Amino acid sequence: MSDARTRMVARAAREIAPGMVVNLGIGLPSRVVDHLPPRFPVCLHTENGLSGVGPTLPPDSADRNLIDAGGAYVSTVPGSAFFDSAVSFALVRSGRLDLTMLGAFEVSQAGDLANWIIPGRFSPGAGGGIELAQKARRVAVLTMHTDRDGTPKLVADCSMPLTARGCVSRVFTDLAVIDVTPAGFALREVAQGVTPEQVIAATAAPLAVPDGDIVVF
Amino acid sequence: MRLPDKTTAIEEAIARIPDGATVMLGGFGVPGTPFTLIRELVRQGQKNLTVIKNDANEKGMGVDHLLASGQVARLVTTHIGLNPRAVALKNAGSLDVEFCAQGILAERVRAGGAGLKAVVADIGLDTDLARGKPRIELGGAVGVVETALRADAALLHAGRADTFGNLRYAATARNFNPLMAMAGDLVIAEAEIVLPPGGLAPEDIHTPGPFVDHVVRLAHLSEEYGVVRR
Amino acid sequence: MSDARTRMVARAAREIAPGMVVNLGIGLPSRVVDHLPPRFPVCLHTENGLSGVGPTLPPDSADRNLIDAGGAYVSTVPGSAFFDSAVSFALVRSGRLDLTMLGAFEVSQAGDLANWIIPGRFSPGAGGGIELAQKARRVAVLTMHTDRDGTPKLVADCSMPLTARGCVSRVFTDLAVIDVTPAGFALREVAQGVTPEQVIAATAAPLAVPDGDIVVF
Amino acid sequence: MRLPDKTTAIEEAIARIPDGATVMLGGFGVPGTPFTLIRELVRQGQKNLTVIKNDANEKGMGVDHLLASGQVARLVTTHIGLNPRAVALKNAGSLDVEFCAQGILAERVRAGGAGLKAVVADIGLDTDLARGKPRIELGGAVGVVETALRADAALLHAGRADTFGNLRYAATARNFNPLMAMAGDLVIAEAEIVLPPGGLAPEDIHTPGPFVDHVVRLAHLSEEYGVVRR
């Protein structure tokens, strides 16, 4: 992983407060756990039916019956619990999931999230993503600031089908930490070596920049 | 990573329940009724409560103490035939009682716990129980919309817990407890035995810890928990 | 228990076929189990959360956490399972309960059942009775043919609030076995020493009597 | 009294599934998928099936065999991204795919299993997933009526069973299995270990025996059950 990605993931890890129940999405979000302090009090949830997700395991020590929702072989920690898919989403929909971190194709300045369909190219079904986005108490997005072509992922309005409307509170990218506020995107922090101007240039929507010094992560 | 410790003093846990709260109580008869938490609720004296419980227990037990102290304004239940005080208060008009079919009460509580708005059933169509409830047509048949129930607080009794709030219920003491565990904004479980994390095997847990806010260790079991000799 | 009651209960026990899942109501129906042959393959269900209900126990050997829906201290058998109230009624409503035997205040010739409210005198709530009556695959009623005043319980139309409409298939009384047919009540068997005329006299609705000999139980 | 023995030969159990049946399959990815029952369904060749399963497995595994043999007309699922054949068949119009949000699929199956007509939720209101579904207003907000799903047959995989059909699932192999166990008119469970009655403790059972019609003992586990090395 590049330094920029590592910094972004490490910064996102600081979003997790002690005592939270957290669901980390597939891909970059799943790496956030590697940056938590040892003995940090947190409960990781995976929607296929486990609270207290432990470290991933290599194939040779894996349990064939113990995966996370991304198919990775994981482990338990003292106090883990297994449950069925109905209980797992009951936990999500009833407000017991304090935080989820998800990937994104697009995030709009209103906090709309598109991360499950690319029209004409990719529509494999949403899995549990819609409920995570719609019902977690707080939704953070973890994504590169632009896609491989340099196209911004933070936009005025999503062009792709929505996962959920107005769900995203905060976006962590390789360039910045950006909040979704009632007035739109607001820059909170920049990555080391990145200027607010660079973030503005890579964002396809108005971006409020704070007066004075800005925090660097 | 480790899982947080939720063990709490009973006074502190129950003090989080305000006047006017809706309170779910686990239990079907004696088994699974959180008698000690109920006693503390009586001691603290929160008023104007709505209680949701399968039954009203018997004289001198559980819910009966809350009725005797005048803390209950409304009771959502399935059967109160074993509690003469509940029957008398209802008949006198000083206790508002809503009856549900037992399995429908279970589903309404579970629906609240599952973040659903309602379930659609067809129970009690020929009875007063379905009167006044919204109806919809589905597949050519009539369905009764049974709205979800949630509570400000759910009080549970578990045989075993760990400090993170994973719970196991003994025998038929399970009943409504796992459902109410999902449906309370504040969930307090009293437990006969509290183990360190890992003390309960992950495949053997009836209520997963994330649903539970406070675990109260029972120092001893009062007579109310014992075998009823009739 | 009088001989007539014992005979009635013993006759009702023969209604249970091998392999059935059966819920026996409070009172007389709960005694049916005493008349099953040893090692008979059946699963008794109690709606407070147990499949495989075993014999009742005296207080000294009772488990304080193990009761049936009537509050009797019961036991388990090899293969019993405990479950919550939602699963318990899922079993009832989804058609997994082959038979329930219930008490009655009144049964109408259309199979309507009234067994939960006596207006002005008794309305403690239905508990699980409505779902048992409405959703068991087969509902049998076990009751004395008349109440203590001699008033018939088998009637043309119920005068008391219904538990469920058209749910009863068969009635076992101290006098007779009577089926509910599309044409109304039909006498199937009489108790030892009872004549069809006596059954007709104690029934407040038309009763079809078969030609020829009638089975005696 | 004793509890009936439901152990059955796999050929006999699967032969009870007719052409045109709706078949639920447990499993989320590999864990909990009844690979051996699926193989027998492929061998017997029932046609025109509607399959309800969380996902379409991966190439060469589980559901993929049913797709390859052309037995599936319709698939109700949450995600098929790991099965290129499912994606290709869907894009070619030769497989009718209905997508559900994962927790809503779980609730629809559970509702069928609980003898309910529907649940009312608010998931996917801004997506295609809720399009065309009935809506009702409840408490001033819009609710989507998610109709119950039942199946002619539910095929499950259990780690342990007893001969009466009480089941336990290992780790995350539980997933949809206990829900589908309630929702099938015919419920067939394959099990890695089959114990006599009493072999599973009554408090530790995930699916109670009354829901299960047939228990099929797995003589050995094929490679499909193993750890996937990517």
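A few remarks follow.
For clarity, chains are labelled A, B, C and D in written order, and residue numbers in each chain start from 1.
Everything below uses one rule, namely that a contact is a pair of C-beta atoms (placed from the backbone, for glycine too) under 8 Å apart; a residue touches a chain by one contact, two chains touch by 3 or more.
A quick note: this is a predicted structure, and the numbers were derived from the prediction, not measured.
Centroid distances built from C-alpha atoms place A farthest away from chain B. More inter-chain C-beta contacts link the pair B-C than the other of B-C and A-B.
For the pair chain B and chain C, the distance between C-alpha centroids works out to 30 Å.
For this pair, chain A with chain C, the centres built from the Cα atoms lie 57 Å apart.
Between the Cα centres of chain A and chain B there is a gap of 35 Å. With centres defined as mean CA coordinates, chain D is found 32 Å away from chain B. Shared contact sites, meaning residues of chain A that touch two or more other chains, fall at 50, 82-83, 86, 89-90, 92-93, 135.
The multi-chain contact residues of chain D, meaning those touching 2 or more other chains, are 107, 110, 114-116, 121-122, 169-171, 202-203. Touching pairs of chains, sorted by label, consist of A-B, A-D, B-C, B-D, C-D. Interface residues of chain D, counted against chain A in their complex, comprise 28-32, 54-55, 77-82, 87, 97, 99, 101-107, 109-110, 121-129, 159, 169-179, 206, 225-229. For chain C in complex with chain D, the touching residues are 18-19, 21, 33, 36, 39-45, 50-52, 54, 76-83, 86-87, 89-97, 135.
In the complex of the two chains, the chain D residues touching chain B come out as 107, 111, 114-122, 134, 136, 138-139, 141, 143, 145, 147, 168-171, 202-204. The part of chain A that touches chain D in the complex is made up of residues 46-50, 59, 62-69, 71, 73, 82-86, 88-90, 92-93, 112, 124-128, 130-131, 134-135, 161-165. Against chain A, the residues of chain B that register as touching in their complex are 1-5, 110, 112-116, 162-164, 166, 182-183, 185, 196-198, 200, 202-203, 205, 208-211.
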